[in-house]
Each structure stands twice: as C-alpha cells, then as structure tokens.
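The first chain written gets the first letter, and so on, giving A, B, C and D; residue counts start at 1 in each chain.
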C-alpha cells in the first residue's frame, strides 16, 4: 500500500508504565495493510504544539480492525507533546512506511528480543508469526532497565509464545540483560533459529556480537535514526552498513529499513 | 498592584458572536486590583501552541470576585489558538498592565464609544462609572460592521446606561457608524461631556476629528499597538503623540497607555 | 485550480509558481505517487556532483525551534547515474512541470563539467547552481561567499549551455545584494534565494554537537524572515541596477500566505523545501492556496503581485 | 541556588553566568520589582548613544515563527540623561550583579566619546560595544561588518577606558571568526555573540512590510542554532590563535538547557533577551536551572563545562 497522510483523532491514550503510554486512533486503510516492522510518522495538528517535524513510531497493535495503537515513551519535545494529548485531539499520521520483517525465515524456532521502547514492533511480529499456518516456536525476551518501566504485555502477547522479562534492577522477571537470556535460549536451539531484535543500539550491537551468520537462519534488526521525511527524499536517516571491501555505505533507515539484516549493519 | 505572571486554567470559553469569544479564568489578585482600561498579556503554556509572544487583551469583566473574563475576536495565530482552548487548559496571564481611564472627569454626562473588538474596556468602564457614588449620565455606543458580529451585551451593560448599537449593514440597531450616533448625542449635551473611546484606529481618529478640546471635559482613547513585553522594557509598542513644536514623540502604549488623551495622539 | 496560474519566467512557462526545492524532494521518484510533481510549476533535483557521494555520517538531521538542521553532505548518485537512470524517469513523469537540475562542484572546473553535461540534455529546462552548501567538509568558505568564485562558476557554466542558469545564493554573507549583482553580471538568468543558514545544535546530555558533522544548515519557518529580507533587499538593489532577473524565493514556505510574502517581496517563483517533510502534499496545497487567493482577490495572474510590497 | 555559581570572567566576578541582554530589559527600573536583576550575573543596558533618540516609527515589533522581529531604531534616553538619572538608579539596585553598559555611535568618534564618558563612571563594570544594529536608517552596512571599522571602534574605546571592553558582533557577515579576531587584536576583552539577524515580515493583506522601517532584527529560539554555531566557530578559531578571550553567548536562550548549549559550545556567560518578554522571570529561572543542573550532575562550577562540546 502506498503511504497516506491523514488527520485522525486520538480515540484513547493511557499511561502503561513509567513515562510510557499507549495511544490509539482509527485509520482503517493502514490498519488493513500494515506489516510488522513498519512505522508511521506522527505530527501535531497545525498550531497545536511547538513540535515541528513529524516523528517515527513503529506500529504496536491493530485492534478492532480499524484502530492502530502506538506504544511510546517520553524523551523530548515530541513525545512529551504526545503524552499531553487527550481523546478527540487531532494528529497527523503518515504511513505505512518502511520495509517489514521477513516472516518466512525458514526456521523451526524464532527468538524475538525487544529492549526498552524497542518492544512495539516485536509484539506485532509475535502476533503475526503466531497467526501463520504453521507457526514456529516463539521465544520472546523483553528487557527493561527497571521494573517501573515494564509494560504489562499479558494481554497482547499471543498464546503459546514463551515470554521472558529481564530487568536490570531485578524488580520484575529475571535480573539481568536481554543478551544473557538470549544466550541461554540460543543454547537450547538444536537447529539454527531466526533472531529478530529491536532496542537500544548498544543492545542490538551486543546481540549482533553473539551471533554468527551460519548459525542462525535469519538475523533481523529494526533500527532507529532521526527522520524528517520518512520516505527516502531527505537522505537524513542513514544507517551505516557494510559496503564493498568493508567500506561504509549509508542507506536510508526509512526506505531500506527500518528492518536490516543485522549482520550487514556496522554497529561500531 | 505590581503585575504578576500566573499560569491559570481556563474555566469557561464560549462563542458569543461571529469569530468572537469570551474566555474566563480565576486570578483573584488581579481581579481585586484591576481598573478599567488596563490589560493583561496572555500566552500559551510551553509547548501547547506555536504562538511565541504573549498578546495583550483588555479586561472585559470581573465575575464572582475572582474570575476574569476576556472578550476577544480571532484575527491571526494567537487569537485562533485562544479560540481552540477548552476548560482546564493552562494559559499564562501577566497583569494588570498599563494605565486606566480617568474615572473622575468632572462631567455630568459621559459618552462611551466602542467599535468592534474595542468594546471590552468600554464595558468595564461603564460598569465602574455606574458604581460611583454620584454616577454621571452614561451613553454607550457600540458599533460593529455587521449584525453577525454584535455581542449581546444585555447582561453586562449596567442599568441606567443608555446603550445604542450601530451596524454598517443595519441588521442590528441603527444602520450607520459609531461617529454618526456620537454626533447626535453630542448635540444633546448642554455641558461639556467626557468622551471615552476604544476601537479601530480609523474610528478613533474620526472621533478625535469631531471633538474640540474646550468643548469636552475629557477625551480618552484606549489605543492598540503590537506588544512584546507589556511593561516598558522593549520599546516596541510606541504610539506617536504630539511633542514640543508639533514634533512627533513616541511613547509606549503599554506603560504610558493604553489610555491616552485623545487630543495628544497623532492620528494621521 | 480552474484559473490560469501560468508564470512566464526565464523564457519558460511554469504552469504555477510553486516548485519543490533541491534536496527536499529527492529525484521525484521517491514521492511521485504521494505528491506528483507534474501538478507543480517545477521540480528542482537534489544537487548533482560529478562523482557519486556517500554523504556525511549520521545523525544528519535534527529538529530545532520551527525548523531543522541538516548535514546531508551532498549525498547523491553522481552525474553518470543521474543522467542514465534518474533524469529519464523525471522527464517521463514531469508532464507540464519544468525540470530544473541543481548542480555543484568542488572546483570551478567541476561545476562547468557537470553543468555542461546536464545542460546538453534535452530533458532539462534549466540549471540551478548551488553556490553555498555549508555542509561539506571542505570548510566553511563557500563558492557563494566569494565574488570572484561566483563570477567564475556562473560565467563558466553560462558559456557551456543554452539553458537558463539560476544562481542559488547563500544568505551567509555580509552583503547578498552585491553577490547577486556579480551573479547577474556573470550571466545568471535568475537568482534562487535562499539556501540554509549555518547552525548547530548541541546534545546537552552527551555534551557534543547532535549532528555527525557538527554544523548543519538551518531551514524551515524559523528562517522565513531572513529569506524574505534577502529577496526584498536583492529586488531593491536590482531596481537600481540596469540588469534585472527574476528571483525564486525559498525558505520556510509552509502555506500560501508564506509564498505570498516572498512574491510581494519580489519573487516570481517560489520553492518549497522542508514543508514537504511536515506534510507530503504541502507543495500542491500551497499552489492551490495561491490559486484560491488570486480567485478571491480578483487577481488575473499571480505575476501581478510580484514586488508589490516595494510600493510603500 | 545553594551552590557557588560564581564565574570569573574579564577580571570580574559574576555571581552566576546569566545576564540580561541589551534592549530587552530597559534600564532595569521598568522590571526590577518583577525580576530583580540583583539576583543575576549582570545587566546589560539598552544601547546608549550620544544624543537621545526617538527611534523608528511603529509598528516596531512583530512575531515570527519561534521568534520576533524588532526595529526599535536604538531609541534611548541619550548619554546625558543616562548618566544623570538611569545609571545611579541601576548602581543602587545592582547588588552583586555586574553593570554592563551597551554603547553605540554613528561614527567612530561617537563610539569613543560615549565609551569614554560611560567608562569613566565608577558604577560601570564593563562596556559592551554594539557593532551591529541592523535597524538604523543609516543603511545596512554595519560597523560590525567591516574589519577596519571594528578595529577602529574597539581600539578607540579601549584606549580611553580602564574597564573590560566587550565587542558585540553581528552574525550578518561572511566570516564571523575573522571579525572576532580583529576585535581581539584591537583590544576586546570579551566577545558577545550574537546580535539579531536581518529579517522581514510582509503583511499580505496590506501588501507591505509589517514593520514601519521594513527590515527588523530577528531574535528568539528561531536563531539559537545560528548563535550556537557562531560561538562554536569563534571558539574553534580562537583555539588556533594565540589570544583567547571569553565569549558571551546570546540568541534564543529560553531555558537552562538552551544556556548549556552555548556554554558547551564555548561561552563563559550567557545573555537572555527575548525570553524575558515571554516570561518575565525567565532570566532568574534560567540561572536556577543551571544551578540545579550543576548540583544534579555533580559539577563544581559551571565554568568546568565551557567548551566541552569541542572535545568530540
């Protein structure tokens, strides 16, 4: 589907963890077409904020067929503005944008690793994979720095997905890092699993460091970079990837990503 | 009272005529101290709009002792933003600012002439004059270009004030201009009346052209100019007045005004 | 848009006065289905250099108050690929929109080489010469800041091509009017004003500049007053000179009223840049708003408004 | 503000790094009861010229996106009245705040005359030389745009006074670093960066410039990236020179984080201008936010942060 820009009204917004919110709006066209890993750009209705550029957010859930949910955390001007929205407020939404996760990795087991506010596309992917005709066995790791930030995913993680939470303060789930849990699960894999990850750059780099091309069926990472246009026209959102002879090539996160082969991204 | 800056919540906002609104907020300190002719600067809560500078608005009414009402009309960015406010929204209010009308003109009759959105300080003045121990006889003229813009002032004009509405399209009140009605009333004055006016520059200039210093007890006009600080520090809001030897002097509308001796302003 | 919005300028006929600015619309293909540029006055391509350029390290963009900084570093596919792949596609989809190719170089010779190659192609309606990209590592002395360089670049390209040559000036100079004069003397057929202003944002948490290259170019509504002032100033200066050329107004245009500010200040055409990022249909909306304005105000052609703000 | 926020700079001791900028705080008396400047690092007065000036015709100000234009035209009470009436009041109310008097002239001689008169007064801690007011009818070539004028004004005033002399530069030049160098060579003890950018807004309904004088100076958050870039650039340039002087960062500072951007870019002190119009207590709030930042981050003195963004 070609992306569309729509002014929509916020139908619901709720606080789900420290600095973390879910916002919902009706947008039937995208809701019907979007795929896990894709994202939309959200912008204020003219005059209703001092936010200037739109901001990218992964699709988190589709509910009631026509409603899109976004899970976000406040960092700066734009996310604080979003947190101040109330039902009925208008926002601009432009999507669906970007590529999507490869959902046919040809692996018996799939490991999903979401760190912090990297969790939304991972949840959508989990749901989509579970609905496949022959769903793989899915392990989902969700890590946060502290228990206070953990979003209760009980209602959104599909049945039969084995979900493990890690927190650095140990307040919820296993005390430790996503990578420690990943390493444990990898050890239990008899055939090369598919690994999908989204989270802080440092976490994705660490995951990349743990994996070897031959030993996994697929390794995909959803990356982030500052964006302006979201559709390949400003060249502003580039991610460094390995070019020929190990030269650095810059590719747009918004069109060639946000999902990349994790072995091709230059993490250092 | 020295002016105070407060973040207040809008308690009520309603549309009262074409493009015209009344907005109310609680601000007990100013409500107790303000005088007719004074104004406040209104600004958006940080991040809640793309309006940057505060805007000046005359006090229109004080209700329930602690509540201030502003009557405003939409023209550009700021007034459109104000029209989009809903009860509970926060705004910045800085006031009371500026001088006030002289309420002891030593005249038996007082004529108040408000044109368009110049009406708010005129109403407050009417109310204040009517509450004097020996109130003068008060004629109030309220002119608008079209009937659709006329604000229903029945509830706010004090008893015994003789109120005449003029509209250019004749849809409400007398068809014609404020100045025509003023001229008619002036003819009925046996002693020099006090004349107070606020409205479009062209209207105030026309009123000034009709009056002669010896023949009125007092002639005061509430003027408007773009403002930034509202308190005499930016020198941005100057009004040209007659200096020595008919030279032009620039004086700040925010501190030496907004009320000026109408004979001293250079209207051309 | 029932009205005739045609603007004649540089010997070309633009179906309306709204163009998309260089670097903010890619090569047209990335957004054709969302904002077909065939409905616009014209498309100005991303700056093309002789060689393909990978561009600057990220982050390349960041929001500022009512604007953004960019440090793309002239990333582009290079002359060869542009001529072979991009230009034919653009020409095929342009319809009545004019195709303006923006070029740059790191030496006068490169400007002339690229200009001659692009200018020889029949698909191209005009060349826009990017005299001031403040993002390139070569340093902060731009071609556009030095009168002698401006003269050599413009006259060099001018001699090689038969198309209109537009000099795109940078506002980062002491006196833009004198540089405009140099460009006109050297043979420029029009002036594009303005490019971005040099700016920087510091990431306070990291205690370093946000952008990978440190400095970036400021664009968006924040710079509109600067752009309008430049257009007004140059227009005023030209009125005193013999040679007069059309001005293309650029900088912070987000709506029809913004475009009118430039037109009244003296611009014959306008370009929309950053606003396309905020709303993908911005250029088309602006063209429509201008048409509606003319209709409401009973103005036969938008060109009647050019420079009217000077009459006061 | 329990912490010691003292900044030593130009041989003076500022109780905190936040000053109010010239022209945005009057002579201190108009707003002392709302924002007592005695709690700040210092006050910079409105520019003083030899003669009283009525200033430009209205409108003098207008809002722009994230900023404003002003064309006050150096309206001021004149040297005589300033020394007789304003300065004594300021000195009486300054407390620990430093008193910096901003001066200008329409000839080198006038600069020197006003500088000498003000500089001989014991109430004054430093002089700030306004080299670039783009609003005056005299035209758009400022003292600050011409290296020779900068040299003559600064060295002329420098020879007559024993106080620190601060050169306030305009960003409206091709290379601000080279002008900074000239000012330092001529004896400037510090640099204030930046003054406003030249800008214009057109009233589309009236088809004329909004401001009475047409052009105005752009200030506010819109220009912060430009100001930060200027400070960073000049600081970088000075690191390569022998002589180094402190920089005072100005332009669009509205909160503590904005001030930190300038400090990390190389400013020892900052000035708050337009933000005082948006919130009358802005300067005090910014000083408090900086103190809180230092406390939270365990920074002994704000001066430890000056220029840290250059280390990357």
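The rule is short, and it goes like this: a residue touches a chain if its C-beta (ideal position, glycine included) is under 8 Å from a C-beta of that chain, and two chains touch if they have at least 3 such contacts.
This structure is a prediction, so every number in the text was calculated from the model and none was measured.
K.L.:
Just to be sure I understand the contacts, which chains border both chain D and chain C?
P.N.:
Output, common partners of chain C and chain D: nil, no chain qualifies.
K.L.:
Taking each chain's centre as the mean of its CA atoms, which one is most distant from chain A?
P.N.:
B
K.L.:
Starting from the mean Cα coordinates of chain B and chain D, work out the distance between those two points in Å.
P.N.:
That pair's centroid distance is 36 Å.
K.L.:
Determine the centre-to-centre distance between chain A and chain D, using the mean Cα coordinates as centres, and give it in whole Å.
P.N.:
46
K.L.:
Which positions in chain B touch two or more other chains at once?
P.N.:
As it turns out, chain B has residues touching two or more other chains at 50-51, 77.
K.L.:
Where does chain C touch two or more other chains at once, residue-wise?
P.N.:
Within chain C, the residues that touch at least two other chains are 64-67, 220-221.
K.L.:
Indicate which of the five shapes (line, ring, star, complete, other) describes how the chains touch one another.
P.N.:
Contact pattern: a closed ring, each chain touching exactly two others.
K.L.:
When you check every pair of chains, which ones turn out to touch?
P.N.:
Every pair of chains meeting the touch criterion: A-B, A-C, B-D, C-D.
K.L.:
Can you list the chain B residues touching chain D in their complex?
P.N.:
Going through chain B, the ones touching chain D are 2-3, 5, 43, 50-54, 77-78, 92, 94, 225-240, 248-250, 255.
K.L.:
Inside the complex, what are the residues of chain C that reach chain D?
P.N.:
Listed in rising order, the residues of chain C that touch chain D are 64-67, 69, 140-141, 145, 172-175, 197-202, 204, 207-209, 214-216, 218, 220-226, 228-229, 232-233, 252, 257, 260-261, 264-265, 305, 308-309, 311-312.
K.L.:
Name, in rising order, each residue of chain A that touches chain B in their complex.
P.N.:
46-51, 77, 80-81, 84
K.L.:
Using the touch definition from the top, list the residues of chain C that touch chain A in their complex.
P.N.:
By the definition above, chain C touches chain A via 23-26, 30-31, 33-34, 46, 54-55, 57-68, 70, 72, 75, 220-221, 274, 276-281.
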